[in-house]
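Report on one structure; see the data block that follows.
First chain written, first letter: the chains are A, B, C and D, and each begins at residue 1.
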């Protein structure tokens, strides 16, 4: 069943580390408050961007407790419960519930090979174990399975799922999902996770966005949401162009790829902007440095942010 | 170098066959005229939708000659020269030039494994051999290689490529391509091939669309283009919703997949609408029949087209 | 540095569960003893077959403690430390070391996207943290990265890796790895994880095998190893044919796939053979039943095992 | 129905070109005669190695006519009819039949997306059109579809297929295919296309091999076949080790990949051995040169071939 609390801009939060790879709570609070002050409508903690899979269980709890404390009820907090299979996801879900989050987010199970029967059972087992709104996180690039529209709609209509966070990179399928959801009376909150095509997602009727780039630039995403709500599509597109230009920070690093380039660039930019103290990355990933940081500074400068 | 002739709605044409799998020129002319009367801005003949890879060289020429004759200069005609490697692509390009097309469209080479060096050389060899505007067709689902933004921009700036027809299904990358192209002064005409996300593409600044669905419903795509040009984004989105609903014809067939479902559905719908005489498909593909055709009729009816 | 203890047949152990999904220690001990009595040369616990990714940390420890206790020093025990990234793998490695295993087995990190730099750093961090022989587990079907020969050889020569457990399904690459290892003076113990092509692996010089099917039929794999050591290749091939025929238990189940079919079939066969009490599977996977179990019985019967 | 003529070593022939990229018939005849003198049991012309997909129809005929003329009935000639879909494959099959080949080899259709129904229909249409033994060429790395065992066995039992040329790189599946074929009374001739694991394939009961490397070193492959027929598996493995070492010619080139590295290395080695006059490659591929050729010479020297 969809839930009106989970609409608008819900950034997946970056997790700042000290040089010694401890959680930098001060930087984390500063970053969260900066986004909350900019008007974001929720926080998604312990998603891929939060380096959830690099974290021990103790670190996960530490990150989540800090976020819930900082948010302090100002906006709802969604917690990722990313892990390989059901039992571990349920452990994380219970931890998150004890900490006081407002909803949880789970992917399809991964590593062990399976089919849609296992994916469906996984969502049902989680929902039975923990009475919290549950979002499905569609991220085939990480879990190597695509969540089908049939499955999502069925679980939405039955109230197993509250919504979908789409990072599938498949905009055609995403549009069909929006279309099916509308036809079914909107049982699902549908959020896009792709920073540079939020305009198209809003035009198609998405309920919000989960843009990692909002850790760097929260205000334009909030403005974009407001413009979309007001039907000012010209402004939506202008802001998208600016954000697409800024998103080039993840394209300019050389010699790195994937998480090291993406979240690495977010952290480097946030450090250059004075939001966080260090751009340290979790093992086994190296922080960006030297010319890669210079290239990111160049993008920030060309966007008027330095 | 981009070319103002190749903007707007440029449908990839469906190739009607008789029951005996001969080219049904009468149906083909009817379908082309129907799209031209609706105001489409160009025709893309011998693309994937035209069943180019199912055709002998003689059949390719027959299709192209018919299209050029029917178009009769009313709009520019782009010809696909799809084949596995350079020598064959050049043979097709020369045939197309002799028939009098206005531009040609080539994919990366495929079947034999290679890297970007071979892809780049391939486009250069073609452009050297045939003096016609050349579009790169980015269709990794068929050729299993993605054309990089760096390569496309380099070939655009050098005048090797006039444009790109994007069927990559990668909307994030597509947005970055639009962004780079704008920053470089628009050396490329950039067209999207995805029927249900044309609105987002136009908002990002795409020069046009190549929607297979326009064989079924040309008029709404032309209206959508006009609305986008006028900045009426609300209307753009409304039309997109209608078209996304209609595009469900490719989702409803059961027990078939890929080309058989996609182009199969276009043909079945066109037959039901009286545009073509038969929905016959090329060997080894079976035409849709029975309940699958009924399901397509259902979608057409729900769109008010029957 | 290679280690002579890790040669021969080292089955990845199946984890029997009770109907309530508790660890069935009695069945587990019976299965382990049956393999040890058959003469296997080691045990690989907490690999994919052991349902490691379905297990909480507590369950992992319970499985490992039971295995170490049953093995009681008769053969070396390798422990999988499968998890998404470095910190968690090190937690598992320390648990395994405390329990008293003889070596550990790690895959490339997964879920978060990266490159070979992160894979290499991951193996180095683990080896630095825990002073135990470390095997690289090459299983791209689960982690979606292939370990390159260059990386494996470099880490072998430097003593970071003791060996490789190959489940890559890439026999050509495997042969080149064997070839490189021989040329370098055999710094690595190289084990194949593919049950039906052990004969070819032994001919190429592999140091052993890790056959899940040995949970069902341990004796033929031990005989095959002995025949290979004696140069009796005719016998090696005969045994392989028998085992390939038996391995059809994983092919005959209908309507299931991946882990549910593979380990599901092992468990069903072991139950039918009286080795374990239940073929229960971990959530979210369903145990095989009905006609699928009958089909497995059919294969067992055709192999003379019932 | 299997056919005893197609057993043993059947090399996929390399196509030598002049510097101007014409067919170098003299070099071609020299290479073919060298293999025939070494005792190979057949020739597979116009496979991937023959650069079939780089060739115009005229070039295909020229290559095939030369091969048939040189073979002159000494061994059977198989002709590849590689193309995207049925109609073109049948055109090539008719050309091959007119030229006088002994059998034809077809892959699954590619480029257009489809399912197993289209693959099956394709083989049936070809077999109906041309009365020649038909081999299925299983090469998913090029056509992106795997031929299932069920399909191959069904078409074998019905006499549509005479055999299978396996370049799937999936040795586990290959072993199951051999197993099923044996159980069915050997309706198929099953040949492996992987140069470095021929020993394992022969142990599993394969009817022969199609090794591209035999263009460089035909004699060891013939010896290996003879040793396998005599049950001298120790010798089979020794020869395989030598051939695996020689096959490193395809691994040593830097900065190139796929066809350019693989067939490029075969041609470079053949030129260095005096078999062909030039190592020219078809457009858009560049011939290996400089340090890459030196590296190949190094491998040849280490094998005692220079």
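In this text, contacts are C-beta pairs under 8 Å (C-beta built on N, C-alpha and C of every residue); 3 or more make two chains touch, one makes a residue touch a chain.
Predicted, not measured: the structure shown is a model, and the values here were computed from it.
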Farthest chain (mean CA position) relative to chain C: B
Approximate Å spacing (C-alpha centroids) for the pair chain A, chain C: 36
Rounded Å distance between chain B and chain C, as computed from the means of their C-alpha atoms: 49
Chain contact graph, described as a line, ring, star, complete graph or other shape: ring
List of chain B residues in touch with chain D within their complex: 48, 51, 53-57, 59, 82-88, 91, 109-115, 117-119, 121-122, 125, 141-144, 256-260, 282-286
Residues of chain A that touch chain B when the two form their complex: 169-172, 175-176, 179, 194-197, 199-201, 203-205, 231, 233-234, 236-237, 240-241, 244-245, 247-248, 251
